[in-house]
Each structure stands twice: as structure tokens, then as C-alpha cells.
Amino acid sequence: MSLAEAISLHVQDGDTVALEGFTHLIPFAAGQEIIRQKKKDLTAIRLTPDLIYDQMIGAGCIAKLIFSWGGNPGVGSLHRLRDALSNSWPRALEIEEHTHAGMTNRYVAGASGLPFSVLRGYDGTDLLSNTENIAQIKSPFGDEVLLAVAALNPDVTIIHAQQADRKNNVMSWGILGSSKEAVFAAKKVIITVEEIVDEFKPHHNSVIFPEKLITALAVSPRGAWPSYASGYYERDNEQYIAWDEVSKERESFNQWLEAEVFSKGEK
Amino acid sequence: MSLAEAISLHVQDGDTVALEGFTHLIPFAAGQEIIRQKKKDLTAIRLTPDLIYDQMIGAGCIAKLIFSWGGNPGVGSLHRLRDALSNSWPRALEIEEHTHAGMTNRYVAGASGLPFSVLRGYDGTDLLSNTENIAQIKSPFGDEVLLAVAALNPDVTIIHAQQADRKNNVMSWGILGSSKEAVFAAKKVIITVEEIVDEFKPHHNSVIFPEKLITALAVSPRGAWPSYASGYYERDNEQYIAWDEVSKERESFNQWLEAEVFSKGEK
Amino acid sequence: MSSELKWNSTEMMTIAASRILQNEMICFVGIGIPSTAAILAKSMHAPELFLVYESGTVNTNPQKLPLSIGDGELANRALSVVGMPEIFNYWLQPGRIDMGFLGAAQIDKFANINTTIIGSDYKNPKVRLPGAGGAPEISGACKEVVVILKHSPRAFVEKIDFITSLGFGSGPGSRKAAGLIGGGPSAVITDLGVLKPDPESCELTLVQIHPGVTVEEVKENTSWDLKVASSVTVTGEPTQVELEKVRLLVASSRN
Amino acid sequence: MSSELKWNSTEMMTIAASRILQNEMICFVGIGIPSTAAILAKSMHAPELFLVYESGTVNTNPQKLPLSIGDGELANRALSVVGMPEIFNYWLQPGRIDMGFLGAAQIDKFANINTTIIGSDYKNPKVRLPGAGGAPEISGACKEVVVILKHSPRAFVEKIDFITSLGFGSGPGSRKAAGLIGGGPSAVITDLGVLKPDPESCELTLVQIHPGVTVEEVKENTSWDLKVASSVTVTGEPTQVELEKVRLLVASSRN
């Protein structure tokens, strides 16, 4: 299946989507295809919105953002995110803000088919009074009070991985963040991969996603660029730095959008 | 450190111990060293007591067993366990009985530094009214009622693994059951390995235990025999079948204990 | 059972179980006859059967019978091997498994299962059995559960001594009340025939007998007054290929 | 700062932070100056420093500055790479980490940290900052936490606009009341000096100034009336080796 088909068939306006990958294997090609197809009113979940959600926010795809750290890593701010929050441009953006530990455990709950996970987190912070979907919970085995976070079960989780085999199983290695949990938590799963291989070679700390978990698989070489894919290509940090300029003004962003997304086909 | 030193230093009478490894990598050498050193009054945790705890029970090391499935896999019953339960021979044995999902999540809670884990489990069973350390818990995000299991934090977890490197990191692969969680949950960790290697080669689904997690490391070739060590030796099923006869009567068991444990040094 | 049959009753039970498995199902398998049935099905009509074992082997394709639930054969031939938290929490608990196979020491008319004790006093039982293992949650969360055990009055009892795994409890509504998300037992396959829960009452009903077995024989081996379907079918005879494969598999575990 | 110094204030801050790290510590590191300090320490006095990054890299040994918290350099040079549930739930949450490094946009006298918003209205802030990331739980669970930020009246404020990570709350007892298991901030390292919490009151106190810095200068850059220890030490000057290594590291991130 092509990426365009996968997005067209499986991402609907108004869906809750999670494009995961923690600094590594960020599914940029899929995110830009969502922009190209003008999907809208999405609730977008991601620990680190990163450039990918800055782009989707600027393009007006996202109505609500659920996240835990919203910067341009190593560079600075996400200007499209800020513009949406401050000026509702190009549309109003609602946010729901958590911690990495909280988001991770929300995916864990979703993956586990449970309504919530328990952690020690958010304690003493102002997030407690400003964030939904968290609640205190008492241990039934003593007096300790802990924090419960509500499960996340995205309509669609999208990740990028290195390889698929001929039977549509997928292997990924390197930093995976909360991707595994986001996949298990989702109702539908789209995975883009660098390439199809005959056989998976062993890697330290690799994870295999059996085809049973995958709704649609698309080959998308360099689909994580300008983030990186361990074993394939490195992070293109110039792009991250350049994004600061590109995204600062609406006009330069719109020019980028036209030139780099709408004028180009699926990567 | 030798296995004898490790057991002598780090396993105390009255300790709560977990010798984990799910049918694979069962730490038999360590268990038999515990027998040899006549440790007593142990609370012994293990999903599947298997032959190893049958031996330790028959030798009188164990005061309480916390488990979820107590048979001789593929063969039949554990006669020493039954004799201890029915006739308090060689001493009274208390049991606390769970399900695999419950035990696994008890280790998860212990590994996570939480007092409990939540699962969908034990529902509608008579375990609910006969087992300690389980309790119902209501979701703070709706009306669902789930089950909480209390954390397990063994004084000592003991596992067998394939390899250690020169810096005392340990690598294991193949079926690991709940070993990782049992290690993270423990106050002290003893690991026996097949051998020391210069470098870990990649394996599918391998797990590395950093030396920071390990209190004592001992080389114990064939330390999981008669269970198996993937990449080293296969399960010696004749021993599992023979155990049925050996363990059936106290006399034959005592002869085995004398000949195979007390008359032999550390394997 | 008549002596002229070319198979024994365990072979018949195994083959009947294997036939119930459909291609592409995700199946949670235990050791023994469930494994034999699953491996047989994969080599026959269901090559894409996706087998998960509680030890952590995902999509495994064993060629010989595993000696234990964590046999090296299962790990070496698996697509992947994961920890038990992932198996129980990510695969089983959310209802991802289509079919779970369970054995039983005792079963009642609502397919509730006992594998814990024989006797009325939990603290002082007549016989201590292995216990729960993964069964309660398998019974709870799989879309359907198939129970495999030999028919005898001691196994098919009016009241089981301990509910290790809930079937249909005391009838319709019990599973929901207990909070179980799975569909519950869809069939009980024995060496004599196949029982299925009545869609209305959930009570196990004899719907199929194996060749050479009579309805009367099944009723005699059931302690309660077994309901019998208005039309009872007869299991198709084991084919020569099925028998050969079953025997090869059973022989493989003796090596 | 006087202009004749052979280093800049960021270099001094980084070197001061690196010196606080002890060999064999398990350290939870963030990107930027914490990484530079940690890598520097590993190449100097603390070769066995055990670095954990929230992205999942365990015992990593980067040779150049990571560009992001999940840089390939961190993964390729790690003993192992694990998922974030394992990092947050198994490593951080139970109190296994000796020291956590945090940055801050605002900090108050009890070392409470804000990295969320500038302005009083959460829904409509003057400036939107990146947010919490891993900080609240790092601050909560590490045995000790070291905060690194540049000194300025806008950063060292009487009242922070949002508590992203709890330091000592409103003083002694606050952490325990909030349920935090870790010891809290043990030092705040800035480009001007080092503040440590008073053992009694938990209030940040100036205990050390960097070479060429005056106490007055630190007080001027702190919005509250900064407590000063009875004897303030002066940080040892950066050695030639420290400076060379820091500059090489910083240069490495530009490649």
C-alpha cells in the first residue's frame, strides 16, 4: 500500500492520532502526507510535538494537542505551536499537557486494555490543577496516595521503522521511546519503513511488531528525515536549525508548506 | 565471586527469595547451593515452583511458597510440594497462590517502586476469597472495578543468564518470563552465568542487565541444568521424568539429596 | 469405544480440536494436547495460525511437540520472544487473542473450570493440583475459549471444588457481572464428543459425538443430566494424513 | 565578569557542574549543558559515571555532544537501549538514580522550577515554554537533583509563574507532604556561582562564587534577598585540560 492510500483510508477528520518516535524515527513523511491530504480537526498525541506537529499545526490539521514537551530540540521554540496558542492561527488550538512519565504510562494503560495506569508523578506541581485526565488514587494495601493517568487509545498510531519482512512484520531498533506502547494502544496502526528485507538480522534491543498489529504498511525511504533512522541516515540538524527561521513568520511557513509539501508528491 | 560465596553472603535465613526463569534458565545450581548451605525459613517466590523449589521444599529450606502454577511441566505433580502441604514434611509449608498474570504484575509493581499494579484478573474465581495481597480497585475515570495486586520486592532475586562481560554486565536471550521484573524488584540480585565473554553479540530479543543492578555475579557453567540455556544446552527431559520417581518417596528423595547435592560441591 | 477403530480416543480428541482452529486466528496455546492440536492445524488447513504461548513466544511455528510451555523449540521458531508482562498485559488482557485453549481437572455444566484442588477444604484438600497458571485470565479475556479434557464422571461434575477459571459462572450475565471482557467457552472437546454452550442458557449441550461413540456413553460419563442437542452430528473420521501427523508429533516429544 | 578571564561564564558553569559528578554515580542527564558537564566528567575524574537519558539509553558513553535527547550517538554508545516505560518506571521511579540534572526558566528560593509558562494565566500566558518533559519525576525521584541555569533577576524570582517541578515547595516538609521520595535539589549551579539549600530552612544559599565574580554581583542577579553563607568559597579555576575538553565538545555539536 502507498503511504497516500494508507493515510487516505485510515486517518479520518476528527480522529485522535499519535505519530510517535522519540527524536528517532519520527514519521515525517506520514505527517506531511496528512497535511497534503488536508486532514483536519485531529486530536494529536505525542510526547514531543517536535517539527512534525509544528508543521501539522501550522497547516491547520490539529484541533487539540496532547503532549509533554513542546520545543525544537537543541534549537529553541516551536513557532507555529506558539502562534496557534497565542493567536489561534490558522485555527484555535487546545492543549492538554502532561509529563513524559505520565504520557508514557497513559500509552501503557492503553496498550494494556486498562482505563488507567498508576505512577508517582506530577506531585507538587501546578499540572495537578491544570491538566485533565489525571487523578489521585489510594493504594488498597496501605495509605499511600499515588497518581492515576487515564489511558490513551488513539484511533490511529503512526510510526516509522527500519524494516519490514515479506510477511509485513516490522523490525525496529535503537531509541524507540514509547512507540511500542503507542502501537499496542491504538485501534489502527500505520507503519512506514525504510525498506523491505528478506530476513531480520539480530540487533541489540530490537523490537518486532507482528503483522497482526499493523493495519497498513507503506515503504517510505527516508520517511523519518530530517530526524534519523539508526542504520540508515543521521539526523539532519541543519533542517532543525533552519526550521527556526522557516517557521518564525506565517509567510515563510506558508511558502515552505507550498514548496515542500503541496508541490511535492508523497516522499 | 564463587556461587558459594554469593549465596553465603547474600541469602539469609528468613529472607524472601525469588529464583526466576520461566522453564528456561532456571537457576538450579544456585538453588542447590542454598540447600547445601542449609538456608532455612525462606519465603520463596516463583511463578512455577518446578523441580527447583520441589528440591528446596524437600530439603526444608522453604517456609512459605508464593506461586501460580505448581506442577512438574509435562510430567505431573511435584511430590515434595504435595508432601509438605499434606504432611508438613520435612516442615510445614504455607502457600500463597496467584495467577501468572497476577505474579507477573506483582513483580512489575515491585520493579516500579509502586505498592501495587492493576490488572483485569482473578475475576469470578475462588482465588478472590482465598488469596492474600489482592484487592479490588475502582478506576478514578469511570465506574470500572479492576484488580490490584500487591508489589513483590524480594530480599534477593536469583537468576541464571547466558553471558557476562568483563565489566559484570549480563546478557540474556530467549524466553525470559518475568525475570527482568524480578531483578528490578529485588533489594539484592545474584546472577549466575554460563560464561564470561569479551563482547556481547546481538541476539533477537536480548536483555542486558547493567552491573549496577547486580549484587553478586558467579560463573556457573550448566547452572540451569536440567532446564536449558538457549545457545548452550537443551532441556534434559530425562531428568524431569526421573524426578517423578526420585521425589515420590522421602527415602529416595533423601538419597538423591545426599548423593547429588550434599556430596557434591558447587557445580 | 469400539475396538475396530483405527485411532485411539486421545488422537480423536486432538484432531477434533485441531479442526476447530481457523487460519489467521491468534491462538493462546498451552502445553500437551492444545499444542498438538495447534501444530497439527498449522500443518494442515491453518498454516497462518498465529500461536502465542504464555512464556513469551509470539507467532511461533514449532515442528515438534514442546516439552514445556517455555521449550527452546518455541523460542527458536518464534517471530519474537517477549517478556511475560507484554504477553499478559499487551496481548491477552486487551482482548487481542481470538482463541484460548484450556485444560481442566473438573468442569461443570457452565464450563467453569477447576485446576486447583480436589476436596472441599482449600487449606486441606484431598488432592493438590497445579493451580491457576495463566488460565483465569485466558478464560477471561480471549474472544473465545476451547476446553479440552477427557470425559469421565469425575471430571464432568455437578459442582466443581474450586473455581479456578470462570466459564459462564451460574449462567447468563455472570461473566459480565464479574467484569470479564472475553466471550467465554465456545466448545468443550473431549475424547467422546463436543459440547457447546446453549446460546440462551449457557449450559453445555452435547452437539457432536466422535465416530463409534454413543450419546448414552457421553451421558454416562457426565455427572449431571447432560443436555443433548436436537440433532447431534458425528465428527468426521480422522484422515490418514491427520493420524500420521498426530502420531509423528507425539513421537517427537519422546525424543 | 572581568574581561581578563581565559574562559567564558558558560564554560565555567559547565565545568563547575562536571566537578560535582562523582565516579560510579547513576546520573539522569538532559540535553545541553548537563550533557556537556557529564561527558566532561566522564573524560576526567569520573570515567565510570553511569549516564541514563530519558530517551532510553542506559550507561551511554557519548564522545560528542548529543544534538537531541535521543541522538544516535547516545544509542550507539550505550550499553543498552530500552523503552521509556522501563526508564521512567524501573529506573527513575523507584529511586535508582543518584543524581538528576535539570535546567529551568525560572527558579525560586526553594528551588522550585518553572519551564512551562511566563505569565500568570496558564490559559493565556505571556510566553509559552516547552513544558515539563521528564523534569517533575526527575525532581521527584532522584536521590539528589542539580539545577543548572544562568543567573539573572528574570530567572531567579521571588515567585515562579508555574511550578513545573517541585524543589522544596514552601520549605521543610513540603516534599514529603507531596509524596516525593527523592532528596530534592542539592545544588544550583549558575554562571556566577553555586547555591545550596540551607539544611534547616531549605532556602537556597550562596556558598560558592566563580573566579572573578563578587557576592554583590550574584545578589544583584537574584530577585529575592539571597542568603549568603558565612564563608563563601571560590570555585577553582578551570584547568587547561577542562577548558580544552569543553571547547572540543561544544565544537563537536556544530559538526
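Note that the chains are named A, B, C and D in the order they appear, and that numbering of residues resets to 1 at the start of each chain.
Here is the rule we use: a residue touches a chain if its C-beta (ideal position, glycine included) is under 8 Å from a C-beta of that chain, and two chains touch if they have at least 3 such contacts.
Bear in mind that the values here come from a model prediction, so they are computed numbers and not experimental data.
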Chain pair showing more contacts of the two, B-D and A-D: A-D
Inter-centroid spacing, subunit D versus subunit C (mean Cα positions, whole Å): 58
Geometric centre distance via CA averages, subunit B-subunit A, whole Å: 39
Gap in Å, rounded to a whole number, between the CA centres of subunit D and subunit A: 28
Of all residues in subunit C, the ones touching two or more other chains: 80, 89, 93, 141, 181
Residues of subunit A engaged with two or more neighbouring chains: 112-114, 119-120, 144, 146, 204-205, 207-208
Contact pairs between chains, per stated definition: A-B, A-C, A-D, B-C, B-D
Touching residues on subunit A, where the partner in the complex is subunit B: 112-120, 133, 135-137, 139-142, 144, 146, 148, 150, 200-206, 208
Complex contact set, residues of subunit D against subunit A: 31-32, 54-57, 67-72, 74-76, 80-85, 88-89, 92-93, 116, 122, 128-137, 140-141, 162-166, 169, 174-175, 178-181, 253
Residues of subunit C that touch subunit A when the two form their complex: 26, 50, 58-59, 79-80, 89-90, 93-96, 141, 181
Subunit A residues within the subunit D interface of the complex: 22-24, 47-48, 67-71, 73-74, 77, 81-82, 85-86, 97-101, 104-105, 108, 119-127, 130, 144-146, 173-181, 204-205, 207, 228, 230, 234-235, 237, 240
Subunit B residues within the subunit D interface of the complex: 111-114, 169, 184, 207-208, 210, 212
